[in-house]
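In the two complexes that follow, chain A is the common piece, with chain B as its partner first and chain C second.
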Partner chain A sequence: MGLFTGLRHSISRVTDRLFSEQEPKRIGIYGPPNAGKTTLANRIARDWTGDAIGKESHIPHETRRARRKEGVEIERNGKSVTIDIVDTPGVTTKVDYEEFTDEMDKDDAIRRSREATEGVAEAMHWLREDVDGVIYVLDSAEDPITQVNTMLIGIIESRDLPVLIFANKIDLEESSVKRIEDAFPQHETVPLSAKEGDNMDEVYENIAEYFG
Partner chain B sequence: MPHQCTNCERTFPDGSKEMLSGCPDCGGNKFQFVPAAAVDSSGGADPTAGEGSATDRADSPTRERADPDSLRTEDGFSEWPETARRPEDRQGSTSASGSPGGRSVDGDAGGDDTSRTGRGTSRADDSSTPPGDATRTEIEDTTPEEEAPRADAEDAAQADARSGFVPREELPDPPDPPESTDDGPPSDGRVVSEPTGERPSMEELREELNDQFESIKIVNPGQYELNLMELYDREEYIVSLQEDGRYVIDVPDSWRQGE
Partner chain C sequence: MAEATKTGDDGVQIDLISGQRMDELTTMEKIRLILDGVHDGNIVILEEGLTPDEESKLIEVTMGEISPDEFNGIEIETYPRSETRSSSLLGRLMGGEEPTAKLTVIGPANQIETLHKDESLISALVSRN
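What follows is the complex of A and B.
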């Protein structure tokens, strides 16, 4: 990250004055549960502000409330963008507490399930009301063509929101970025591993370009 | 002058087709029917004579307007046969010589009283004796019987208006009202399907409704099905679900302003 941080500092001094009055764009990080949205949000926030956004977990629906990190300034190749990152709960059409009973007792699983459902409602509400752009995170080790992904990307397109598709978890063996590119050829797909920090330069380039 | 535009008070003869496309003067489309009886027997046959609003009616401008007409065309009113009036009117006129009508005559007996009261009384004399009895028995019998003479007694305009057609260009829209009258229930306008012997179970109906309307379906505690499109489309959103199946929603400001 050393090179990257140095770059950031040198550019930010110039671009600060040029773009500081820009209204921050609110970028929603959307995607199905366990795609790595919070891991990505944390990485972005840590890289540019030093703070994390939320707790990460391998259990689905760890994020059950939309969380926002405001005023995250990202600069790349002379382009700068100040964004508010909204990490949203994973969107799904079914929530079942039995998914979590291995990890916790039944009451907690039921509560988690209920909160996750509220979280989906909230995420959908944000999408409707409060988002200027979308980062759609997919687990590249999973089949991207699901009802949820198709519907959400359809909604995002219908609103003409700028959208970037992030093919996350490229560090996994089963990962296939091409599968995602083929599924959504109309959008720019960026491969990355939020967990490992792989290909983050390209991630920030794209964010600065798309949402700047 | 039975029909009167409630807006500009222009009157139309009974059966007039002029008013079918709105009042030609002011475009108003609300008309009141001023019964012949109300005009002719200002003393007697107010249709609501028995309902206590008779005096109100008597004081209304309609009534006052009708009076000069009734004077002018006084002779004409003998042409309105008893049977051409609504039964209540008739009954009213027979009993009119009694209390309520009498009162109202006294009430507006201003300058034109003599002729009217004169007519009123003579009328009462005429009808209260033999014809009065006749009408009363007629009313006590069933209506169909009285309907017949009434139809016969329709004047030409009235009859024409019932069977006649308004020229097509005067109609606001193509739909043809007479078409629907005698065909019985239209076969193509049904929304509901024909009732079949089998009724869908409550379960199925609920299923169907859930599919259509619910944004979050609670299958069991801790198990939910979500309709993403609904969640996205709705202005209000569910803030919290509670164990007992209740939930809290966020109501958009625009709703509150509407109240």
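What follows is the complex of A and C.
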């Protein structure tokens, strides 16, 4: 194949991509470690495709590689949206392997922390380059005003990405959705329990509305 | 750069970096200046903070430098300035034009036990070991 043919071929591939109507949007699920991102991603994937995305754990930094589930079609009130869901590693500015030594031996804890740091860097990279919208998951039983949350929301806003804030774990007694609404009044907050499956109707309505 | 230097064994060095100084630097130079200070155990105070993109890069580079028993990463807090900032501490300390951006305090996570913030105060508890 000559250079020109090859070039024309790749150009037509690019234009195909530009003009194809149904290029699914990539929606990144972001938030601090342990907020319930993977639990949510799994629930969405199970509800609409039948299979899961990744492993959930009470130990922070369970997700250490971004995982993408392609072509998840969500239907709500006659509206249908097809998205790629990207479950990302929880973002933090610090990782201390000693946090994990109660749960595993030192070598494993060190390995987990190294993978966690790579995962956070990867999540930041995806945010800068590869997502079209963000679901920001927070544990509503915890104080939402942390530097990581403020910084990440700022980064997301500066990239003009559409963002929904999910106030997760509303099944917990200490949960406060209002605290999250007050912290980020400029964004839509959706309460839910990813674990119990509470309020998923509103979750899917908002996803179809926002990312459709 | 104004430096409040104390060189005793249990001293804590604070690097105050003016907005003017930062303006002259590229993103990576800013991040290096911050992380080099933090690696030395210093508390770095930026008069004008970072852009969201720079913050994103700072997190990414910080992650690459974390190493067991040596460096756990950073604590960071920002303090948005109110409209009336003519008598701000740093403004007085550093003189010159009043900055518009947010004051940012960054330190080594393993030495700062808590970086606590409320409406008008960021306080750092630094452990001296």
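To be clear about the criterion, the second predicted complex is superposed on the first by the 191 of 212 C-alpha atoms of A that agree within 3 Å, B and C clash if a C-alpha of one lies under 4 Å from a C-alpha of the other, contacts with A are read in each partner's own complex, and residues count from 1 in each chain.
What we mean here is this: a residue touches a chain if its C-beta (ideal position, glycine included) is under 8 Å from a C-beta of that chain, and two chains touch if they have at least 3 such contacts.
None of these values were measured; they are calculated from a predicted model.
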Quick check on the chain A-based superposition: chain B and chain C, clash or fit?
clash
Based on the superposed arrangement, let me know which partner A:Met151 touches: chain B (first), chain C (second), both, or neither?
both
Please indicate which partner A:Tyr97 is in contact with in the superposed arrangement: first for chain B, second for chain C, both, or neither.
both
First, second, both or neither for A:Leu127, with chain B first and chain C second
both
For A:Thr117 in the superposed arrangement: first (chain B), second (chain C), both or neither?
both
Considering only the listed stretches 5-13, 221-229 or 239-247 of chain B, which one runs into chain C in the superposition?
221-229
Residues of chain A that lie at the interface with chain B and also at the interface with chain C:
91-97, 110, 113-114, 117-118, 120-121, 124-125, 127-128, 151, 155
Quick one: which bits of chain A touch chain C in the complex? Just the residue numbers, please.
91-97, 110, 113-114, 117-118, 120-121, 124-125, 127-128, 147, 150-151, 154-155, 157-159
For the complex, give me every residue of chain B touching chain A.
215-216, 221-229, 231-233, 237-241, 243, 250
Using the touch definition from the top, list the residues of chain C that touch chain A in their complex.
51-53, 55-57, 59-60, 62-64, 66, 68, 72-78, 109-110, 115
Across the complex, what residues on chain A touch chain B?
91-98, 106, 109-111, 113-114, 117-118, 120-122, 124-125, 127-128, 148, 151-152, 155
